[in-house]
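The structure appears below as structure tokens.
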Amino acid sequence: MIYLTDLKTETAVSKWRPIIEDWKHTFYLWRRAKLAMIGTFIVIGFILMAIFAPLIAPYDPVKTDLPSRLQPPSAQHIFGTDQFGRDIFSRVMYGARIEVWIIFLVTVISGAIGIGVGVTAGYFGGAIDEILMRITDIFLAFPRLILAMALSAMLGRGLTNAIIAISLVEWTVIARLARAEAMRVKSQPYIEAIRAVGAGNFRILFFHVLPMCLSPVLVQLTLRMGTIILTAAGLGFLGLGAQPPTPEWGAIVSDGRSYLVQQWWISTFPGLFIAIVVLGFNLLGDGIRDILDPRLRR
Amino acid sequence: MKLTSFILKRLLLMILVLLGVSVIVFVVARVIPADPVGAILGGNAPPDLIDDMRHRLGLDKPLINQFLDYMFGLLKGDLGVSLKSNRPVTTDIADFFPATLELAIAATFVSILLGITLGIFSAVYRNRFIDHFSRVFSILGVSMPVFWTGLLLLLLFYYKLGWLPGTGRLSLFTPAPDRITGLLIIDSLLTLNFEAFKDALSHIILPAVVLGYSATASIARITRSSMLDVLRQDYIRTAKAKGIGKRLVIYRHALRNALIPVVTIIGLTFGGLLEGAVLTETIFGWPGLGRYIVNALLFLDYPAVMGGTLFVAVVYSLVNLVVDIIYAVLDPRMRV
Amino acid sequence: KTPKDTLVIAGNTEIFITLDPAVCYETFASAVVEAAYAGLVKIEPVNGVFTPVPELAEKWEVVNKGDVTEWIFYLRKGLVFANGDPLTAEDVVFSFKRALTINKSPAWLFNELGLTAENMEQTIVKVDDGTVKLVTKPLAQSIVLSILSGPWAGVVNKKVVLANEVNGDLGQTYLTDKSAGAGPYQVIEWKRKEQVAMQANSRYWRGEPTLKRIIIMDVPEETTQFLLVQKGDVDVAWNITPEQAAQLRETKGGPVRLIVTASQSNEYVAMNAQWGPFKDERVRLAIKYAIDYDAIIKSVRRGFAILNQSFIPIGYLGFSNNNPFKRDVEKAKQLLAEAGYPNGFEVELLTNTTNIRQNEAVVIQANLAEIGIKANISLMPASEMYAKYRQQGTQIIVAGWGIDYPDTDNLAKPFADYRVKQLAWRNMWYDDYAADLAEKAGLEMDNNKRVEMYRELEKYWMEKGPFAMLYQPVNYWAVSSDVVGFEKAGEGYSLIFDFTKISKK
Amino acid sequence: METLVKVENLKKYFEIRKSFFSKPLYVKAVEDVTFQIPKGSIFAVVGESGSGKSTLGRTILKLIEPTSGKIFYGGNDISKLTRKEMMEYRQKMQIVQQDPYNSLHPRKLIKDIIGEGLKIHFDMRSDEIYVKIRDILELVGLREEHMFRYPHEFSGGQRQRIAIARALVLKPEFVVLDEPTSALDVSVQARVLALLKELREKFSLTYLFITHNLAVVDYMATNVVVMYLGKVMELGSKDDIFKRAAHPYTSVLLDSVPTVGRGKRKHSVPRGEIPNPANPPEGCVFHTRCPKAQSICQQQVPDFIEVAPGHFCRCHFCR
Amino acid sequence: MNRGSLLNVSKLRVVFYTYRGVIKALNGVELWLNEEERLGIVGETGCGKSVTALSIMRLIEQPGEIVSGNVLFNNQDLLKLDENEMDKIRGKKISMIFQEPIAALNPVFKVGFQIAETIAHSREITIKDAYSQVPEALEMVGLDWQRTKDLYPHELSGGMAQRVMIAMALAARPKLLIADEPTSALDVTIQAQILELLDKLVTVGKNAVILITHDLGIASEFCDRVAVMYAGNVIEVAKSEEIFNNPLHPYTKGLIESIPVIDKSRDLKGIAGTVPDLVDPPSGCRFHPRCNRAFDKCSSELPSLLEIEPDHFVACHLYN
């Protein structure tokens, strides 16, 4: 029985070890990728900002105060005030909540539709794939802003509907990605091995193929956060996004547009925040992608 | 797969897709709770006039009839008559598309130039300062709202420095070159009208940079990751082992391979630029199709919306078809 | 940098639909139509009062015949179109009938006069080559003359139009981007989304205008326009923002001047009189007291507006400068409580997506909040907003009324007479007293009596009507200081714009 | 000896379409294969890359549907069974795949990888499953704590043991071993082969052993089938193949194997390369490379001849 | 102390920096080669065979680094050359072929171009001129040049691709050819062909060869001398008959006893345990945890490569 037992002895390990090791590895890779680190801090800062907005913001974000309108940045209003005397800083802080909400919903909706369609098409292939992909193509070929505009005009205005409209546009990208991933995964030997022990399509699809598709999709979604915020802003430009006085960043920037030359602070600060957060998400997404790269892991 | 049959198949599928697009665009355009007639007649018009107009436009017919009419029109290449301009939608498109195309091409050019350069530098100097810088720089392009960068550049290069013109495709008193393609830069070259060429070129720079910069990040990102991927391949090791030197290894052996996946992204980007140029077109007074469609939508000029959308969809699909063909040409592995 | 004989305007020509006088109905485009076509009469602001003056018709006679009025217009001798063709009564009759047949937006103004597609053979008559007879409703003279001075009543060249007719469109397609009139200018080209170019008409009966060329460049973005004019690449920025205007106002003496004139329009808040709480006139009154009119004018319009709470603007018959409402939160709250809404209510505040409207909505929202009313702003593109408005589907709306012809009639009826299916009707204010009064005033020939009637209507309307009139806007342009006479040219703007008064240093 | 698995005229064609419009082409990965696997044997399949070995193994397990032909398991025809009806056999027939690096789900813990089949086939409590997994891991030479690790933490040999554990935990009777050691170092290969032999004794398993390494066949097998371009070239007991090879292809294969310790040796080097499987040669598929080829070989497909009891050969000249 | 007349590698240390720590991939490798000699390098996976080869070519990249040692080639230390000088060695004096021949050829260039490029570089002529020598190079490796030169790598079979690689490598008539597992991805029949071809060409061209393989059979049949590597060290070097018939190092013995051989039925022993983690390698002799004859000294002191018998070098304390 020598072959069965004489493996190198190892010190006993807890069942948590692989998970801890995995995280340690991830942490190491993350620390090495400086930009990913910066991205993470930005995103965390963004989320904290949303959570603690009421504590950070010195003023009510929607209350107009006409006497102190259009004030340049000062000690009282560090980002200045807008045409109604509202404190830009407070609006930006509260706006973070709206952005988080938009991002959350779009991610959930477009992620769910995209993954559902993509994985199903990729896994089953054949006619199902053909049909689902043609539908995706239709949505892809559609001018995106127009589709979002048309949909949100159809659904009625307001932030939530705009979010739904954006999601209905966004899912196509996810679907394509998920499909490619599902196609790749389904032909891997380990899936056949699972089939060999008797697992059915449903089980394979949900417990084995789907989880593998999540991480690239997650990366993609992270990278698309920027587009999402900016599309929301573009819709605001057409009156289809958040309705005033909601301090949605894109809307603030586009409102402040006509003041850009004289009262630069109105759209510059929220614009800067959009840029920073989008940058943060992009860096994070790039970072996650690098970290998940199997070539960097063992 | 043979190229011709590949193209044929794609064209067939394209027709299918376009059919879908037209159905959706029809439904969406008609379900919007607004009134094109009211928009044509303006805020003050009384109801009788509106009813009369609605009848004349056939808007009181059942939707299904309207849909069939529309589809039959499509078969004949007739996109209907714009409610607003009162001209055939095809004429409008023919008027505005060249400008959009020209801008999209110029912007694509900018983004390719910028994106690929940044991407290569990023990959070759991975995790060094150059990499960090070019990644942040390219991502900033997508992060900043277009009208913000647009106005900023306008302020700087037009207003403060006075290096570049501020609006339109040509200066007011520069006579336009004879229309051949509708793309001013090309037309002026073809007619050897160098003054117009210079003028047109200087007008397109700012919008192209603004628009192109916003599309740089995705190209830079793909270039970088594809380049990194290629640099890890066995054949790069072979090339190095040949001793041809680092530069040749990168430019001859790595780049060509790395650019193959970039081509697909360029196709998608180009499609996006065709439709996504609305804000840039507005800021720089660029007489393009993007503005046309959005205005049509705001105005509820549904034949124009439908026609424009369909047209963009066609162009988008064609561009991607061309991209796939280029892809096949670039990558011999696809040419079986 | 622009040539001395050329005026270059940077403007947003997005709203241009057509330059055909029988179809065109948009303010900015109308200015072009007016320049290209001359009508029988013309409106001149004389000491701030709009006065009809002879144009193609050198004089006219009015015969009252009880239920109709006959108007005889005598044309000047030797009139020619810009292309040299003679202009006769035939062309005038053709032009009016054409507008009625086409039946587009301006047609209802002819209908106001009692001229319709059905009766036009009898009501629009060529007496001889130099004389035209119109048979109208027995309306106050100023109403008739001001309607006939509008761009829709511009005379088109029958020969040219018929020669370019396709599919029986009466030359609509042809006239979309060209002109065939006898005005001071003629349109030479309209490159959509690029520019509209006009050239002086040397055959204009008053003589060739000073400016030889007018070019309207399409510049959709206000900020860009502003930069262009400051840089001297254009002479006029047509659509600047209040902030830009305010900035110009403060920097006097630069290369660019600010030109302001009173606008021929009104800005108002309207409540649907059949919707929930607004059924009660006390609630409507409360809202009129809740609004901070001064703040809106000062902050949203940067002072570029005239406080006016009546529907009658400055320069119009019956204007009284009577502004009874001042922000009074206590009073508003009390009125609400009396009406049974001590804790307020929730309401949808509708307006369109332009910056100014949106800003007004925000201020009003804040004002209403103070008396306990929660207003949710809903922004829509104008086309969509008007669709909803026309279906009487609004609750409370911020909107404006652009005047069609310079007579109080054009304000009294829409705002008070629900039977003309205009603003009063859209807001479901079915008040017969107000309606009757507005109608009667229009038929009254005696101007003094008319004034009295309008005063009475105004009082009643202010108290009971569903409108809170915010202000009368002010037009502003950024104009290069080389340009002379722009104030005069723009004096009646949004109604008329007279390019002939402009010249350049 | 009792037959456990019988294959009759088994065919598996893969359709490859060159273009949307053109007629489909077929790769005849498995062409008309007939044999019986005696219970308790190690039935080796050898052949060059692309000869259809893996396809054969996967088709027998019905992981891919056969194009035609019959597969009998313990006397029952399983070739037409539906997925549900196959469930019973899934537990009895298992596979260990070619590539240990891709045959384990990279995001699952070892216990889940091994436990999956148990959850599907047996109604067991989780603590029972735990014990089972622990026992089987011990059996293949791993330990309890390895249950809570990810595949990437293991070396190739260890992974192959995990794959073996996954197959054996279901208590199968028949295991297809698809090149279980070709990715491993010789020192590890030796130990895995020994383990497989030991397990066979212990559980009286029957193996279908796929490999391209003739030396390993010699070490392991009881019966051998030699495949070339989807067809069986020769079939017989181990000694039939190694001592009395009848088919020229078998001889070529045997001759090509490099051997240690004999110094420089001149091989009789085989000619040519394996033809495109989508377009195999006419006549005898091997004739393009056969040292003994005659004109008949180009025209006529040789029959499958029994040259001695249980020793079959597909060659015009094998008698 | 130069043992080989062509190449002398001494005390070569290479490390890779990874998240888990520093991988000490080569731990003082000693290797030498005479002109026209064929050296086989064998060992388990991960023992540093490829890294050794790449170090000689100076192709170790991030995150790897050559920390110390000498690579004397014609008495010139390659590790001290600058990149330009090194480029004159690569592909000219020393060339290399790899395991996956299809992957090692650039997929977007035709075979003809890739060969011409190599020729052009080594002879310092233009690629255009180099084309004239492509037919000869292809014919040398038994390919129909007319057909092959216009093919893309993906259109080649594995055997053909490896022939192309050989043609490329030998076109420059290098002094030394390094072949890193040139046949592991190929079938036995093709492997035999390739090895025969190599044998022929090398004999004619008088090239020295380093053949890296994990198949001891190949090393035995092809090489004059064989070096056995374990965990970053060369642990035994001898003439090939000698090393297979009289292995001295316990590891070599274990390895040879693990190989199944046709017609030689015997039990396969295998070697207990696994290759050590090179981040934290065992002290002393890196083989000692797996060695059944290890004693105290083994865990504390790294044995050096000594000539125990004439031309038979072993690094093991048993033979001191």
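Each chain gets a letter, A, B, C, D and E, in the order it is written, and its residues are counted from 1.
The rule is short, and it goes like this: a residue touches a chain if its C-beta (ideal position, glycine included) is under 8 Å from a C-beta of that chain, and two chains touch if they have at least 3 such contacts.
Just so you know, these numbers come straight off a predicted model, no measurement behind them.
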Checklist line | Starting at chain D, fewest touch steps before arriving at chain E | finding: 1
Notebook entry, point to check: Based on CA centres, what chain would you say lies at the far end from chain D?
Noted result: C
Notebook entry, point to check: Would you say B-C or A-D is joined by more C-beta pairs in contact?
Noted result: B-C
Check: Just curious, how far off is chain E from chain C if you go by their C-alpha centres, in Å?
Finding: 90
Next item on the list: Indicate the whole-number Å distance between the mean C-alpha point of chain B and the mean C-alpha point of chain E.
Entry: 53
Checklist line | Separation of chain A from chain C, taking each centre as the mean of its C-alpha atoms, in whole Å | finding: 48
Item checked: Sequence positions of chain D contacting 2 or more other chains -> 158, 191, 194
Note to self: Where in chain A do residues touch two or more of the other chains?
What the structure shows: 3, 6-7, 32, 153, 238, 257, 260-261
Next item on the list: List, in ascending order, every residue of chain B touching at least 2 other chains.
Entry: 32-34, 147, 151, 155, 298
Next item on the list: Name, in rising order, each residue of chain A that touches chain B in their complex.
Entry: 32-35, 134-135, 137-138, 140-147, 149-151, 153-154, 156, 223, 226-227, 230, 233-234, 237-238, 250, 253-254, 257, 260-261, 267-268, 271, 274-279, 282-283, 286, 289, 295
Next item on the list: Report the residues of chain C in contact with chain B in the complex, numbered from low to high.
Entry: 2-3, 8, 10, 14, 17-18, 23, 25-26, 103-105, 107-108, 172-173, 176, 191-195, 215, 217-221, 223-224, 227-228, 230-231, 233, 380-384, 386-388, 390, 399-402, 404, 414, 420-422
Check: What part of chain A is in contact with chain C in the complex they form?
Finding: 63-64, 66, 69-70, 83-84, 153, 157-158, 238-239, 243-245, 255, 257-263
Check: Which bits of chain E are touching chain B when the two form their complex?
Finding: 57, 59, 83-84, 86-92, 95-96, 98, 100, 103-109, 117-118, 121-122, 152, 154, 165, 168
Next item on the list: Within their complex, state which residues of chain B touch chain A.
Entry: 13, 16-18, 20-21, 24-25, 28-29, 31-34, 127, 132, 135-136, 139-140, 142-145, 147-148, 151-152, 155, 217, 221, 225, 232, 272, 274-276, 278-279, 293-294, 297-298, 305, 309, 312-313, 316-317
